[in-house]
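Please find the structures below.
Below, chain A partners chain B and then partners chain C, in two separate complexes.
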Partner chain A sequence: MVTIDWTLLSQYIISGVVIGLIYSLMAMGITFIYGIMRIINWSMGEFYMIGGYLQYIIITHFLGVENWYLGVLLSMVGVFLLGMVVQGLLIKPMFQGSVERRTEYATIVTISLGVLFTNVAVIGAGPFIYSPPGYYHGTRILTLPVSGTRFVAFIGTIVLLSLFYLFLKKTWWGRAFQGAAQNRMGIQTAGIDVFRLDQIAFGIGVALAAAAGALLAPEFYLHPRCGSIATMKGFEIIVIGGLGSIPGVLCAGLLLGLIESLGAVFLNPSFRDVYGFLFLLAILAIKPTGLFEERERVA
Partner chain B sequence: MKEISYTKITGFKWYSLSIAALLLLVALLPFSTGQYYLQVFTVAFYYVILASSWNLLAGYTGQFSLAHHAFAAIGGYTSALLVTNFGLPIWLGILAAPLSSALMGFILGMLCLRMRAIYLAIATWAFAESVRITISMTYEITRGDLGLAVPKIFPGIGQGVAYYYLFLGLAAMTVLVIMFIIRSRMGYYLRAIRNDEMVARVMGINTTRWKILAFMLSSGIAGIAGAFYGHYNGLLTPVMIDFNEMAFIVIMVVIGGIRSIAGPVIGAILIELLTETFREFGEIRMVVFALAVIAIARLYNEGAVGAVRQGAQWISRRKQAREGVN
Partner chain C sequence: MASKLSVQGVTSGYVKGIDIVNDVSLEIQEDAITGIIGPNGAGKSTLLKTIFGFLHPSQGKMVFNRREIQTLSPFKLKQLGICYVPQDINTFPRLTVEENLMLGAWTFKRQRTLLKQRLGEIYDFFPVLGAKRGEKATFLSGGELQMLAIGKEVMTIPELLLVDEPSAGLAPMLVSEIYAFLQRIREQGVTIFLVDQNITKAVEVSDYMYLLEMGKIKKQGPKEDFEENIRGIIKDSLIAE
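What follows is the complex of A and B.
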């Protein structure tokens, strides 16, 4: 008879919840962009990376580590603006009739954009690994001792996701975004400039990725390809939760974190990053539309 | 159908003559270049196989697999492990490679291809990363990041010419097979699916089945390429599944010209040559390629092949106009 150490088990569960929620930040960005524009931004991991680098530059050269929260905000703003520019130059023309195959175009363009950013980062900062100083001293969440950075990232994620939720539900802009996700044609007839909306949505989406990058920079370190694992988790989460569904992201993020954490303990910690993919396959086999299916209205 | 009719416009004779001349040039090349460029071309032919087979899936069928490099690696590791661990002859290992890649493709396809195209792209993206991690972590079997030493097809040094012709033959065969598929009934089904899946289904095409078949075929071809590459290179590492490799394939196909037979061939050889020639420029090469791809996708969808085709059409139209005046 195997005795279960309940403290230990609770630690694994809390650790899974923490990491799962942090992954959701990335997934929220991907799913928000998908919900509005029906495209997947494959360069999400590069925006995550840019967010991390910006944060590193800001806190080591200008503001100091104690002002890390300002750094996170500033890197979000920076990446938001970059995203607006990128969207205006590359994604917007897609909706203005000059592009025939939208999915193909968006896939090719955002993949190339990722290559571009990665290599610019290698040229600019070298293939080195940067590690910003931790944001906070080690502490504990209930029974689980955590590093200060992970604690900060956890709290930061909760704050950002709550703000994002309030923004979507309570503000005029948020309602416009919900409308755009349901029916692009419909909100155009209501007099909303949907192109403007797209641009802002893209900016917000990549800013969420940048926030994840900035918050996790001391934990996972910075290098030009540091966004790839987070992006993989993000993609897995959005399929598990159901493409375009916001409650789906939260639910799937937490589930993914739990499965990884428990899989690492009970099966094999080396394959931690593979369990999510197996879970994704299982979901595709059982309920291919994901946990929360978002119905799309075709105009 | 645009793809069929253009041979009539540019003239089949002119077209086949120039291809024959090009083939002769390629066949005689080993006698005029050194070992280094021989190797560059050998690798370029490997990429021709990958780019062409990816184009069959992404270009003609409209299904974006982002794990094409991973399927090549699966083929490579399958063959290498069978040969080194079970003492199989190399040709048997190479035969097994496409089977394992296609089987993986079948499983993934069964799960994703019932859905919209975006599901396949996301699932294959996650699949490629998972394969990379799995290969790195099962180092007792695959030797992980240290790399797996693979027996070579032609043992000994100075076999550059032999490998050159081997990969040239493979690439030519792949292109012919894909050309055959595109011109067959299946090719029409695949293009119908790309153009409008709903309409294709209404016309009575079992779209899911054809999509899975196309995915298996393209993954299987990648598996063969990977197996040969492993036995040529003598070393397999998980770096083969870095996303950069996939991006490389996309860059080759788009710059050459997506949805054409010659496009991926030209793109692969061109990009590989440029990459090797401008080696000292490092990452700047990739930046330039990425910008070129964005510009092509944004401004002009048909790549190098499309440009040549339009040029040829323009010249023949001019000629016709002049003859008309005279």
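What follows is the complex of A and C.
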């Protein structure tokens, strides 16, 4: 007879929830940009990486590790501004005027941008792995002993996602973003500069990736390719949850974290990532548009 | 009566070299309803999209309140006082009725008193919107959605309202309600430029009419000229289709 160690099981469940939620931050950025501009930003991992490096520089050279939260904020602001500039210079021109296949061009631009940023990081930071000091001492979430950094990242993610939710639901700009995601012509006839919204949305999306990078920097180490795992998880989450769906991101993030975690307990921890992919394949087979596909009324 | 908008020799289209609107000139008089009719594919909607900055003319110019506007973007034109109700239902399906109307008030979003007053005025005229203010737009009927689409655009109290096919697909009673609303805001000093395939209704409410065919103005004159020959115009429209 198989006996289950409930304490151990609960630890893995909590661990899955923690990591799933943190990955959701990345997925939220991807889905937000897609929701507004209908483009996939393939360089999200590189903005995650830049967020991590910025955080490292800020807390090791300027503010000190005790001010890590200010570092996260400043990293987000820095990457937000970088995203605005990149969007304004490279993507916005394709959306003004009647350029055909603009989303395809934008895809190529974001892939190229990722390659560029990775190589700039290789040149700038060299072939070294950096690790900022942990943000907080080890602690417990219910039955789970967690590293201080992961705990902080978990709380930080909850705070950021809550603020993001409030921003979307309770502010004029948030309503404008919701409107732009639902009807771009409607936003323009309302007198809102939709290209400005695109630019800000891109900035916010990459700032969320930077937040994930900055929060997880001490846990997963920094190197020029450090964003690739988070990006992969982010894309898995948006496919599972349904592209463009914010509730879908949260639900899929938690499910992915749980499935990977429980698969590691009950099957084999070496194939942790495989369980997530199998879940993704199952969703694609059963409900290809994702768990939270947002249906439009067709007149 | 002064001209509110002057369209002078405007040519425009969606693809370079293929002109849908061809050297069109017209005057939209202040505080009046100017109607434009014509068969499908005549370029009526394209003309409205050009005036509202979704398309920029390859030739010609447009003057609104003595200012050239042919290079301006839609949001700039809205700030100048031009509003546009497109042919397709132009609401935000997953926002509530009130949120839809509030987005229509973006240009004066910080003036809370005015915002509240305008919401009240829209709800007074379309009580069904007031009753459903907390419901998401996706749950409204076709007629209610059209009321919301028009209400959202006139939240700003336009100087010039461009309306494209407001009666398309609506029951006759709702059509009358929409037209009554247009006439009421006209009485409040809003200049209206109306595109409609419902020729009888368009002629009935308009003060001056244009007939557009194959991207060119074929006939123009006061409504009386069109009323006299309305059967012939409808017949020509059907043959042109």
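Everything below uses one rule, namely that the second predicted complex is superposed on the first by the 293 of 299 C-alpha atoms of A that agree within 3 Å, B and C clash if a C-alpha of one lies under 4 Å from a C-alpha of the other, contacts with A are read in each partner's own complex, and residues count from 1 in each chain.
One rule holds in what follows: a contact is a pair of C-beta atoms (placed from the backbone, for glycine too) under 8 Å apart; a residue touches a chain by one contact, two chains touch by 3 or more.
Keep in mind that this is a model prediction, so the values were computed, not measured.
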**Q.** Partner chain(s) touched by A:Gln178 [first = chain B, second = chain C, both, neither]
**A.** second
**Q.** chain A residues touched - chain C or chain B, whichever exceeds
**A.** B
(Q) Let me test your reading of the model: by the given contact rule, A:Phe128 touches which partner, first (chain B), second (chain C), both or neither? (A) neither
Q. Touch check for A:Gly186: first (chain B), second (chain C), both, or neither?
A. second
Q: With the two complexes superposed on chain A, say which partner A:Ile108 touches: chain B (first), chain C (second), both, or neither.
A: first
Q: In the overlay, answer first, second, both or neither for which of chain B and chain C A:Phe235 touches.
A: first
Q: Please give the residue numbers of chain A that touch chain C in the complex, ascending.
A: 98, 172, 175-176, 178-179, 182-183, 185-194, 294, 296-297, 299
Q. Which of the residues in chain B come into contact with chain A in the complex?
A. 58, 62, 64, 66, 111-112, 114-115, 117-119, 121-123, 125-127, 129-130, 133-134, 137, 243-244, 246-247, 250-251, 254, 258, 282-284, 286-287, 289-291, 293-294, 297-298, 301
Q. What does chain A use to touch chain B in their complex?
A. 40, 42, 90, 93, 100-101, 103-105, 107-109, 111-116, 118-120, 122-123, 225, 228-229, 232, 235-236, 238-239, 243, 270-271, 273-274, 276-277, 280-281, 284-285, 288-289
Q | Complex contact set, residues of chain C against chain A | A | 14-15, 52, 54, 73-75, 78-79, 83-86, 88-95, 99, 102-104, 106-107, 109, 138, 142, 152-153, 156, 169
